[in-house]
Amino acid sequence: AGCSSDGDDQERDVAVVVDDERCEANADLGTLTYVTGYHYQASVTQLEVMSAEALGYFDAVCLDIEIQPGNGDVMGNAQLVSAGTAHFTPTSNEAEILQAHERDHDIIGVATYGHVPISSLLTGPDVEDLTELEGQTLGHQSMLPAPLEAMLTEAGVDIDSIDQVEAGYDPSVLPRDQVQALAGFRSNEPHQLDAMGENYTEWLPEEFGVVGSFGVMAVNPEWAGENPEAVEDFLRATGRAFDHCADNGEECVAHAEELDEAGYDTEHNLAVWESESELVGSSTPEDRPRGHIDLSLTEEEAGTLVDVGELEEVPDLEPLFDPQYLEAVHTAAEIVWADDQ
Amino acid sequence: MSGDRIEVRALTKSYPGSDRPALAGLDLEVPRRRFVSLIGPSGCGKSTLLRVLAGLTSPDEGTVDLFGSGPRALCRAKAVGLVPQTPALLPWATVRRNVALPGRVNRRAGRGTDTVDELLEGVGLAHAARSYPHQLSGGMRQRVAIARAFALRPELLLMDEPFSALDEFTRESLQLQLLDLWQQRSTTVVFVTHSVQEAVALSDTVVVMAPGKVHRTVPVDLPRPRGTSAVTGPDARTIADTVRAHLRQAWDGGAAEPEPEPTGAR
Amino acid sequence: MSTTEHSPSPAAHDARPPRRRTRVPAWLHPRTWAPTAVLVALLAVAWQAVAREHPYILPELGEVGRTLVEEPSLFLENAWTTLFTALIGVLMGAGGAFVLALLMSELDVVRRALMPIAVVLNVTPVVAITPALVVAFGFGMAPKVVVTALITFFPVLINVTTGLRSVPGPVLDVFRTLHASRLEVLLRVRLPSSLPYTLAALRVVLPLSIVGAVVAEFVAAGSAGGLGTMIRNSAATARLDLVYAAIACLAAMGVTMLALVTALERRLLFWHESQQDPAR
Amino acid sequence: MSGDRIEVRALTKSYPGSDRPALAGLDLEVPRRRFVSLIGPSGCGKSTLLRVLAGLTSPDEGTVDLFGSGPRALCRAKAVGLVPQTPALLPWATVRRNVALPGRVNRRAGRGTDTVDELLEGVGLAHAARSYPHQLSGGMRQRVAIARAFALRPELLLMDEPFSALDEFTRESLQLQLLDLWQQRSTTVVFVTHSVQEAVALSDTVVVMAPGKVHRTVPVDLPRPRGTSAVTGPDARTIADTVRAHLRQAWDGGAAEPEPEPTGAR
Amino acid sequence: MSTTEHSPSPAAHDARPPRRRTRVPAWLHPRTWAPTAVLVALLAVAWQAVAREHPYILPELGEVGRTLVEEPSLFLENAWTTLFTALIGVLMGAGGAFVLALLMSELDVVRRALMPIAVVLNVTPVVAITPALVVAFGFGMAPKVVVTALITFFPVLINVTTGLRSVPGPVLDVFRTLHASRLEVLLRVRLPSSLPYTLAALRVVLPLSIVGAVVAEFVAAGSAGGLGTMIRNSAATARLDLVYAAIACLAAMGVTMLALVTALERRLLFWHESQQDPAR
C-alpha cells in the first residue's frame, strides 16, 4: 500500500549513516508525512523521495517517512503542510512558494532543483508567431503559469484578448482544436502528444528571456526551525536517491510503480523523469549542489510575477527560502553520505 | 349462449398462495334486466365473482358471457358500474369530483350521465359536495361510491355490499333510487348483500352461495312495485325463511372450522 | 373520587379555539424556531472554538459575516450563476426522470430497456466524465447543466417509479371498469398517488441540484463564475472566509428550496396521511 | 361524577374546515357493565363519539368521565378494546400476528389474554391464521379486527359497526361470543350498529342519535339470555318499532337536504 | 352470436397454469432481457460510431474490453478499495440518517433543531471541504468515508422521514387505545409502514455511495488506489480505455447493488400495493 513506510519485505542492507544521537532524535519524531504533488508521477522532487524510501535511505538516516499521493492541487498541499498534516511537499516552482505565501500558507522552499521554467506553451504546428493566438482560446490547469504569461508579454501578445479556460490535464484538447494553445509541463504534455502521434509546436519561455525554476521542496518553516536535522537528513536521503536514480531511471520508476495501485504508465513516467532530471543537470552550475537556491534567479522570477500582475511587489525573499538545510548536507556539490567516506 | 343474459360456466379461480379455490366450478345465469342478489357466508367468493364479471381478474377456468360479449367489451362500452366493497374514492378529489369521475373518464364513450348535483342530492350529500373523503364518515363515503356508480346509468351494475354502512332509512331511500334506476334503464343488477331481508325486498332472484359455488337459487315471486306491506308480508317472510335456511346450509357446509354454536343446531 | 379530563391531550391542541391558531403564524412561535436557534448557537460556539485552534479547518464566523456583508453583490452574482445552472439542470434532470418514470410505469419494455442504463449512468461518477462532457458540449454552461441533470436524475426516477406503483387496488378496479385509458389512469390515479414520493424526491433533488452545479463548476473546465468556482479559487488561496461565505449562500439557497417544497406539500398533499394532524 | 359509569357531558366537537359540528353538546350516561347500542343516521357523529371515548381525539368542550378516570388512563390500563369502522389491520403481519398484537404491545400492563388460536377459531378464521390481510375477503378482515379487540378482554369495548360485513349466521355466532365476553367479564360495551334488530337483540339500552346529539334513549327490557324467541317476540318488536320511530325522527330532522322520498311520509 | 372470453386478458397471465411460471425463472425469459439487450446493442453501435470519429470522447469498446480482460486483478483490487469505502460510508451515512429520521419523527424538537442543519450539510459541496476534511481526518480512508456518508445521508433522511409519517390513521388509533408506547408504535407500525420509502431511498443511495467514494478518491489527497484514483490518473494521461473500463466496473457494482435492493423489496414488501400483481 502507498502508505506503508517500513516495507519490511524490502531488502535493507544500507547502514545507518548518522550518529546515534541524531538517529535517535530523528526516530523520536515518529512518522513524517510527505505528500506528493501529483500522484506517484516520476517527477523530480517525487521520484527520488519514493526511491529513497524504497532504497532504504530514509532508514539510513533514521527517518520514518510516509508517502501520500497528492491530487495535483499545489495550494491544497501547501495548506496540508501549513496545518501540520504533512511535513514535506513539492511545489512546481519557486513562484508558487511566493503565491502560497501571498495566500497566507506557511511554507518555505528548502531546495530548488530546476533553474529553468518547466512550463511550456503548446500550439498547433502551423502557429508561427505567438501573436497569432490573439482572439483564440488558451487552456491551462487552474491558472496560466507566470513564466508563460511573461513569455506572451515578451512576445508582444495582448493577453487580454486571449480567451483563457481551464482545460484539465488531458492534452488532447489541443489536437481537437478546442483550445489553440495549451499550457503544460515540458516533461509531460509533449510526451503524451508524442505518444498519441500528434503534431504540435512547443514554445519555451527561456527562449524569450524569461527565467524560472521547477522542482521545489517545501516545508513548514516553524516545524523545520524546530527540527532542522530532520529536514537536513530528508534532503540528504533524497539527494542520495537522486544520484542513484540519475543513472538508474528504470529501477526508480519501478519503485514508484510499486506504490501505485491504480494502473501506472511506466513508459510515460520514465520519460518524465529522464527529461526533468536532465533539465536539472543542465541548469545546475558545476560547483553548486543539486537543489541549490539562487535567490537572484528567484528575484528575477518574482519580477515576472509582478510584471504579470500576480504579485504587487517582490516580497522579502530571505524568509521564504532557506538554503541552509541543503548546504548542511553537502560539501561543495557533493552530498555527505557517511558510507562513502 | 345467447345475447340476452349473463352466463357463467364452470368458473374456477384460485388465488396464488391459497389452498382453497375462491371459486370452484361456479355456474350462474342471469337474464338481462334481472335484479339478482348474491348472498352467502363471509369469504365464499362473492367479491371474487363480481371481480370476474367486471373483468378485473380472469378465471383459471370457465367462461364468462355478458350479453353476448365479454367483460372487457362491456367495460369498453362504459356499460359497467361497480361499487366495490371498500369505497375506493380518490382521496385528493372532492366528493363532487369523485362522483363526476365516470363522466370525465373516457369521454369518447359519451354515455349520458345524470348531473352530479342531482346524484349528490339523491344520496343526501349535497351539503358535503366540497368535502374530501377523509372528512367523511364511513357511511358518507359509501354513499359517494354509490352515487359514482349510478352516474353512468350502466347496463350492468355490480354492487358489493353497497349499503352495509348505512342506517335503515338512508338505506331504504337508496334502495328506492336503485330500483328506480333499474327500472328506467335496462340495467341488470348483481347485488351482494348480507341482509336476507334486503335481498328479498329488492331482487327477482336470490342466489345463495356456498364457498366457491352456487348453493341454491331462490326466485322471489313478489309483485312490483313492492310497498312496505309486500316486503313484510307473509309471502316475503316465507321466501326469506327459505333463503335463510339455504344460507344456513351453505354456512354449515362451508365453515371448515367448527364454529362455536351454543344452540347446537348442527 | 372522579377525574374529569377536559382535554385528554394526545390531540390536545384540537381543543384550543381555532382563532388562536390563525392569529400568530406558526413559524413566529418560539416553539418553532427556538430549537434551531439554540442548536445553531451551540454549534456557533463550537465552531469558534475550532476556528481559533485550527484556522485551516474553519474560519472565524465574524470574518465570514464580514466578507458577506462587504461585497454582497459579488455573492449575489455568483449565486445567481450557480442557481441558474442548478435550476436548468434540475429541470432537465428531474423533468426527464419524471417523464421516463411515466413511460417506464406504462411500458414494461421501456423499463426493462432503460433501467439498467439509468443505473449505469447513476454510478458513473460525473466528475470522471466531465472532461468528456466538455469535449462534447464545449466550455460553456452546457456541460455543467448536464452534470447537474445527471446527478438529479436518478433519485427522481426511483421515487416516482415507486410512487406510480403505489396505488390502492380498489381504486384501480373502478377505473378499469370505467374502461379508462392507460393515460387516464396515469393522469387521474397514478400521478396523484405518486405525489408523496415525487415531493420527497424533490426535497432530495433540489438541494442536490445546487451541489451538482457547484461540483460541475469545480471540475468542469471553463468556469468563469458561480459559487463553485469561487469556492475552488478561494480554497486554493486559503481564503476560508470566502469559502464558507459561499457555502452560507448555498445553504440559504438550499433552505429556501426546501421551504418551497414544504409549502407545496401542504398545498398538494392535504389529503395524504403524512399531512394529517401530527397528534392525530 | 362517580366511578361506576361512563358520563359524558355537553360534548362539542367540530372538525377543522367543517361548518357543522360533528358533536353539538352531547350528553350520555352509561352505567358500568351495561351493553349500549348507538344507532343513528349516517354521519351523525357516532364514530366521532367513539373516538372521543377512546381518547383518540379531544372534544372542543365538555367532559368525559370513564369510571372515574379519563380515556387515557383507561387506555393506559389496557382496558379499552376498539374495533374501528375500517378493520385497520397491519398489512405486513399475518392474521395470527394481528390478533396477537394486543398481547404483545405494552406487555407491562400484563392483562391476561385468550390464546390467539381460540380467538381465531371463535371468529372462524383458524384456517386463515397464516394469511395476510390482502388475501382476505372484507368480512374476514372485519373478523380479524373483532378477534383482536376481544383479545384483551377489555373493561370497555368500543365497537364501530363491527358486524356490518358479515352474513347473518356468522354475525349471530359472533354476537353470542360478544355477549359471552360481556357477561364473563365486567365489560361495558358501546356498540355502534345500523341494525335496529341487532341493537334490540343485544343491548340493555339503545341510544338513538340525531346529528351531534342524543335524540332519545330507549331501554330494552328483555330477559337474558335472550333466545331466538325472545328476540323475535312481540316485546322485542315493540321496542324495535319504538327505536325505528325515533330513528326516523332523527333522520328526518337531521337530513339537511330533503331526501327524495316517494312515500311522502314527511 | 355469442362471444365467450376464456381469458379477458387485462390480467391475462392469471389464467395461465401456475406451473409454467415456476419452471423457467422469469429473468431467463427473453421478455425480461431482450429489451435491454436490444437497446444495449444499439447503444454499442452508436458508441462505436462516435468512438471512431472522436477518439478523445469515447474509446472503442473492444479496447475497453481488452483492457478489462488483460488485468482483471487490477480492476478487482481497485474496485474492492472503492467498494469498501462506499460500503462503510453508506453504512454510516444511511445508518445515521435512519436513526436521525427516527428521532426526528418522535421528537419534534430534534426535527426542528436538526433539519435546517442537515439541509446546510446537504448543500455544502463536499468537494469544497475535502481539504479541510483531510486536515481534520488525516490521509487515510476516513475523509473518503466521511464524504460518502455526507452524500448518502440526505436522501435517506428525507425518504424515511416521509415514510414514517405515512401511516394509516385507523391503525394508529388501534395502537393508541392499546396504550402502545411511542417506541412500540415506532417499531410495530411506523417502521414497517415506512419500508417502501426506505427501500426507495436505498435504491438511490447505494449507487450514490459508489459515486461518493469515487469523488472522494478524486479530490482527497492521499488516494493511492481505488477506481476513482484510477479514473483520475487515466483521464490525465488520456487513457480513455482505462477510464471506461473503470466506469464499467462501477456500473457492475451499482447494478448488483440495485439487484440486491430489488430482491429485498420482493421479500419485505409483498404486502404493499406496489408489489401486487402489475395486471391487478
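By letter and in written order, the chains are A, B, C, D and E; residue numbering begins at 1 in each of them.
Everything that follows uses one rule, which is that a residue touches a chain if its C-beta (ideal position, glycine included) is under 8 Å from a C-beta of that chain, and two chains touch if they have at least 3 such contacts.
Which chain is which protein? Per UniProt: B, D = ABC transporter ATP-binding protein; C, E = ABC transporter permease.
These numbers were taken from a predicted model, which means no experiment stands behind them.
Chemist: Can you list every chain in contact with both chain B and chain E (ABC transporter permease)?
Modeler: Chains in contact with chain B as well as chain E (ABC transporter permease): C, D.
Chemist: By the touch rule set out at the top, what is the minimum number of steps from chain A to chain B?
Modeler: The fewest steps needed to get from chain A to chain B is 2.
Chemist: Identify the chain pair joined by the greatest number of C-beta pairs in contact.
Modeler: C-E
Chemist: Could you pull out the chain whose C-alpha mean position is farthest off from that of chain D?
Modeler: The most distant chain relative to chain D turns out to be A.
Chemist: Find the geometric centre of each of chain B and chain C (ABC transporter permease) from their Cα atoms only, then give the gap between the two centres in Å, rounded to an integer.
Modeler: One centre to the other, that is 47 Å.
Chemist: From the C-alpha centre of chain C (ABC transporter permease) to that of chain E (ABC transporter permease), how far is it in Å?
Modeler: 18
Chemist: Between chain A and chain C (ABC transporter permease), what's the gap in Å when you average each chain's C-alpha atoms?
Modeler: Comparing mean C-alpha positions, chain C (ABC transporter permease) is 43 Å from chain A.
Chemist: Could you please state the distance in Å, as a whole number, between where the Cα atoms of chain A are centred and where those of chain E (ABC transporter permease) are centred?
Modeler: Those two chain centres are 41 Å apart.
Chemist: I need the residues of chain C (ABC transporter permease) touching at least two other chains; which ones are they?
Modeler: 10, 54, 56-57, 131, 135, 168, 173, 176, 235, 272, 276, 280
Chemist: Residues of chain D that contact two or more other chains, please.
Modeler: 55-56, 72, 85-86
Chemist: Listing for chain A: what residues touch at least two other chains?
Modeler: If we look for residues of chain A contacting two or more partner chains, we find 73, 76, 79, 83, 168, 170, 173, 176.
Chemist: How about chain D: which of its residues touch chain E (ABC transporter permease) in the complex?
Modeler: 51, 54-56, 72, 75-78, 80-82, 84-92, 101-102, 104-106, 109, 132-134, 148, 152, 158
Chemist: State the interface residues of chain B toward chain D in the complex, per the touch definition above.
Modeler: 15, 17-18, 20, 39-43, 46-47, 85-86, 121-122, 124-127, 131, 135-140, 143, 160-161, 164-171, 173, 176-177, 194-196, 228, 244, 247-248, 251, 255-263
Chemist: Which residues of chain C (ABC transporter permease) touch chain A in their complex?
Modeler: 54, 56-57, 131, 134-135, 138-139, 221-223, 235-239
Chemist: So in the complex, the part of chain C (ABC transporter permease) that touches chain B is made up of which residues?
Modeler: Of all residues in chain C (ABC transporter permease), those touching chain B are 168, 170-171, 173-181, 184, 188-189, 192, 195, 270-272, 276.
Chemist: Can you list the chain A residues touching chain E (ABC transporter permease) in their complex?
Modeler: On the chain A side, the touching residues are 1-3, 33, 35, 39-40, 66, 68-73, 76-77, 79-80, 83, 85, 168-173, 175-176, 192, 196, 259-263, 265, 268.
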